[in-house]
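What follows is a set of structures for review.
Below are two complexes that have chain A in common, paired first with chain B and then with chain C.
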Partner chain A sequence: MTTLKIDVHHVTRVEGHGNIVVDTRNGEIKECRFEVVEAPRFFEAFVRGRPYYELSHITSRICGICSVGHATASLRATEKALGVEPPEQTVLLRKLLFHGEIIDSHVLHTYYLVAPDFLGVGSVIPLAATHREVVERALRVKKLSGDLCAMIGGRHTHPVAMAVGGFTHTPTEGELREMQARLVDARADMDETVALFATLPWPDFERETEYVSLKKDDEYAFIDGTVVTSDGFSYPIEDYRKVTNEECVPFSTAKWTHHNRESYMVGALARVNNNFDQLHPRAQEAAGKLGLKPICYNPFLNSAAQVVEMVHCVEDSIRISDELLTRGIQPEQPPKIEVEAGEGIGSCDVPRGILFHNYVYDEDGICVKANCIIPTNQNMANLNHDMQALVPQIMDKPQDEIRLTLEMLVRAYDPCISCSAHFLTVEFV
Partner chain B sequence: MSESASRRMSESAISDKRLAIIGLGNPLRGDDGVGCRMIEELARRELPPGVQVLDGGAVGLGLLNLMEGWERVVIVDAAEMGRRSGEFVRFTPADVRLASASDRPSTGSGHRFSLHHAGLSEALALADALDQPLPEMVIFGVQPAGVGWGEGLSPAVEAALPALADAVLASAVCSRRREEIIGENYAQDSGD
Partner chain C sequence: MENPKSQTPNPKPKVAFFDFASCEGCQLTVIDALQTHLDLLGAIEIVQFREAMTEKGEDYQIAFIEGSCTRASDEARLKRIRAQADIVVALGACAHLGGINALKNLHPLEDVRRWVYGDKADWYETYAARPIGAVIEVDAAIPGCPIDREEFIAVVKAVLLGKSLPIPDYPLCVECKLKENVCLFHVGKFCLGPVVRAGCGALCPTFGSGCEGCRGLIPNPNENAMKDVLAEAGLTVEDILSRFTMFNAYQMQERAAEKEGK
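Coming up: the complex of A and B.
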């Protein structure tokens, strides 16, 4: 085929609205891009003029899937601005809660959005008929991670118990012990998950790029640390703008970012590539079974990296529970905050990649300026460069197959273009 | 989020699970937040015993977990019903066809399910596909004026809140009364 025209409006099974446009004539690419039609710069408007203690709750509403991630990055930005250091127990509980959200988001993405492509069905609904045990396992893991989030955050999504400097509610030792036992039981589901995804034929495609993530000396980083890239750069979180270099592009409402190359990638694959040695041994073993070895340049394997991280988070949650139970859980009283003017930058590596929240507070603790750089925006340029590299390799295949492969590429990035309204459309019968 | 609302939500996890009033939506998207706003309003009121309020937010497919174990749920959500903004309708899943992502225009590949739209309709479709038992369910759909980015409800939906709160609570009380009457009849029958 020498002439190809693909126009996929609103790629499904991704979060938000994005279109794929491909136009080739006589084997030459005229147009090839992923365009975002909905990604408003709404963030600053929501938090400006609001007091410091409201920001994590407002920002946790940006997204139903990354609500803990936004809340954590938000709290870290506020804590740095106001000079608050959370105590050790708070840090441990936040890590455990964060693991819950990573598992929750990854199980949704891998099982509900990615697996149907490989198992030959259009969505998770028919998958329930053809592969019932697969969907039931996904729901089981989702329930576990949701309950873990609720145990610490106070409810399944949009955590209420997280506050500046501490938690307003802590789990009991009994609850934690019960949760730990369920996490141990979940190892069987993790083994099955690895076995399932190890059989999936990932498209054979590689393009060298730069991977950006957080890094810590003592653990696989999700909260705090330094910003590192696979090209050997390292920056304190405060210098995030040296990495993100945001720029506007005409066909997308999302700003593009680039660092050492024309684009970079963030997310599970970037983290696994940059921090492989700090993964739990069981997670490293899972990576081996999934054919994922750093440094891996196949973006489709971002989904495999998510499976690896689920295994890691289950194991690390068991370990953190042990640590909390050994220490004994103390009631938390978030500290009285001495409000002062200041600026703070918080960063977390949330399910879809590195996230930055940057706030400026006035002397009354009112937010006067804010900036938020989400992972999906940072991946947009890389996704487009991947697409431009992939299309010439698959141009001779049937059009439906090309379309599906491109959609799968978009989905592999797990883009969250904007969190959406989830209202019903109702027709009375 | 008011403190009383948070308190009730954490209490809800431990007390008896007869009837949950669940608000859904995103308060950062205009009238889509009506369900969450309703929960805040109800949390300030005296609730009948056995009734709890839950702010589900953008819980998506996690709604299935949230509904688990409850005998009945009353769900409040923004709903496109082709009515005037602020009008609300009480219905059950059996009364309506809930358009899901799979009903929306195809992208050509037949892959139409999206967590982007995962809300009540997708959660119910998945439960149905797995024959998963669900609690008895009543839904209050509220016609939004707008669901674009921005905090706060439109004047039309804001004005509907008191009547909506009364109706939701009446619905909760009604189903409790019915439960008691059924209970009494049962007691009489078994006494005979």
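Coming up: the complex of A and C.
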């Protein structure tokens, strides 16, 4: 029987700092876990005392990749607390901006962080010489999604123009038409992307678990809706604590969450599993080519689910642009806010999964209480259970291969460790 | 004797990226900037960039550091980087100013720790957030939250050529006027443009949102006059201070301490 000791100190090509620790003796697992060693940042403590209009600008700084997602969840929480409903055009523009971020984040993860594992290199940089067309395509899609976010929000990382009840800036009809034309052109890149990822040999591993996501009656849900699970549960967003059940685990660096089982998974795979029927037909077709059929229990296919969502978001962005152009773009004018005391809970399904922001404001609109529950947090328990199930299956392989497979598993979850509102530091063993 | 280094076939400067408490948005902006300046990859050799690559080279001349120093263990790591690198560049507001992380300095530390971690607070190492310049000598800073892509490219080029840094010392209003924006004070909003360093192309005012000061104050800003202007616009001192502190809490506290010392 094998004795195995793996200590990957700071897994690379992930967002933030985490370590893999595996220790087996005579085929028996002594230790097997993913540690988070990111510096805690205390957002929930220091937003107290800040006025309502600052909250989305401060909390977008939780994460550089999903700052639009944090800003959107934050604005929805504030809007619910203050009794503000954004007008239809604002809702459409937010969806379009959100799609931009989903595409941006997914192309970064699938092409820059995941693909090098399958092509046997340490980063995307050497691929520029060996797989030039692949890199150029990734850059093209990345630029498109970044430009889409910038057109609406001012920039992608930490958007400027998102405000309570509306935007402080409006894209012009010309900008929107030009963007739509680029999105139509991007269909070819999406086809190539699906073709590329369909050839990748995803590790063969399954572990049955529960998938949690938002759901809406009329569309594939990213913003608002109800919280549903693949075990058949459904809750209003306001009852999010019934799903997340945060707990401290002595050997873990992060608070863990569980619902109906020992753990659950959030993110692209959870959304595709729960809301497959609402995907655009082209995205469903892509799922077929990628071998992704709900319900899929292979966490490595989270990256394939991200490819499916990129296809969906390109198609839906074309549709939303049509709707905006047909309606005619009006100047956005965020309403004057009547400040009142209240509590609000906002939820979005951001690139890495379902996210909750919960604020309490006093009568002057000053935040007195805040709680943010981050997707990566919710995935920690599931990732650890996957690792513990995977290690015995691959224990007889060479150590380098085991190490790579475990790193690939961590990367498949696309962890965003900077989103570490709850994350804790640990001492190394 | 001949310096063996002069015979090295690859004279490209080796560059490494590091991060401390931050959102990594500045490193993402670096990735974005490189995609439109692939030529730059030919002029430097990136030996360490954990977010984007597996390789970890410890032999580097230029270090870019994102994030604030928020715990004692960060100091040792910062000093190791300083000892290795010829040039250290602070990347973005967290490293340059302390930035958003320093908002926690406005609360008693014990209260902040208990608020988030309850009775487990003692498990987690943390202290007041500081810019990296408070711990090690910094040769250059690229301001902003996040950094501006073009400014990053311009700074890298200046560093490689040994030229002075293209970071302006004048206020944001200069750039905003060049863009022919309507002044936000005229439409009832507020903006820190008059006292904050330019270089971002006045992005926030251009998108209808007042400057929040992420690039830091200009040298010798006439803050008191600024406060009067804001007060004329009907804003309370608390509003103004709150806007100043969003990214400059560390600086505001340092200035207050300095005044008290006098």
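The definition used in the following text is that the second predicted complex is superposed on the first by the 415 of 429 C-alpha atoms of A that agree within 3 Å, B and C clash if a C-alpha of one lies under 4 Å from a C-alpha of the other, contacts with A are read in each partner's own complex, and residues count from 1 in each chain.
Criterion: a contact is a pair of C-beta atoms (placed from the backbone, for glycine too) under 8 Å apart; a residue touches a chain by one contact, two chains touch by 3 or more.
Bear in mind that the values here come from a model prediction, so they are computed numbers and not experimental data.
Q: For the overlay on chain A, clash or fit between chain B and chain C?
A: Clash - chain B and chain C, as placed by superposing on chain A, overlap.
Q: Is A:Gly49 in contact with chain B, with chain C, with both, or with neither (first, second, both, neither)?
A: So A:Gly49 only meets chain C here.
Q: Quick check for you: in the superposed arrangement, does A:Leu196 touch first (chain B), second (chain C), both or neither?
A: neither
Q: Just checking: does A:Leu97 make contact with chain B only, chain C only, both, or neither of them? Give me first, second, both or neither.
A: Touch status of A:Leu97: no partner.
Q: Of the partners chain B and chain C, which touch A:Ala163 in the superposed model: first, second, both, neither?
A: second
Q: Between chain B and chain C, whom does A:Arg403 touch in the aligned arrangement: first, second, both, or neither?
A: first
Q: What is the contact status of A:Ile62 with respect to chain B (first) and chain C (second): first, second, both, or neither?
A: So A:Ile62 meets both chain B and chain C here.
Q: Contacts for A:Ile320 in the overlay, against chain B (first) and chain C (second): which applies, first, second, both or neither?
A: In the superposition, A:Ile320 contacts neither chain B nor chain C.
Q: Where does A:Lys143 make contact in the superposed view: on chain B (first), on chain C (second), on both, or on neither?
A: both
Q: Answer with first, second, both or neither: which of chain B and chain C does A:Ala73 touch in the superposed model?
A: So A:Ala73 meets neither chain B nor chain C here.
Q: Would you please give the residues of chain A that touch chain B in one complex and also touch chain C in the other complex?
A: Common interface on chain A, chain B vs chain C: 10, 12-17, 40, 42, 45-46, 57-58, 61-65, 67, 108, 112-113, 116, 122-125, 128, 139, 142-143, 146, 154-158, 160-161, 168-169, 421-422, 424-425.
Q: If we count contacts the way the header does, which residues on chain B are in touch with chain A in the complex?
A: For this pair, the touching residues of chain B are 1, 6, 9-10, 13, 24-32, 54-62, 64-66, 68, 77-81, 89, 91, 95-99, 101-103, 107-121, 125-126, 129-130, 139, 141, 144, 147, 149-151.
Q: Could you please specify the touching residues of chain A with respect to chain C in the complex?
A: Answer in residue numbers: 10, 12-17, 39-42, 44-51, 54, 57-58, 61-65, 67, 108, 112-113, 116, 122-125, 128, 139, 142-143, 146, 153-158, 160-161, 163, 167-169, 248, 418, 421-422, 424-425.
Q: Which residues of chain C touch chain A in their complex?
A: 20-29, 31-32, 35-36, 38, 41, 46, 49-56, 67, 70-71, 74, 99-101, 103-104, 106-107, 111-113, 115-117, 120, 123-126, 145-146, 203-204, 206-209, 212, 239, 242, 246
Q: In their complex, what parts of chain A are in touch with chain B?
A: So the residues of chain A touching chain B come out as 8-17, 40, 42, 45-46, 57-58, 61-65, 67, 104, 108, 112-113, 116-117, 122-126, 128-129, 132, 135-136, 139, 142-143, 146-147, 150, 154-158, 160-161, 168-169, 400, 403-404, 407, 419-429.
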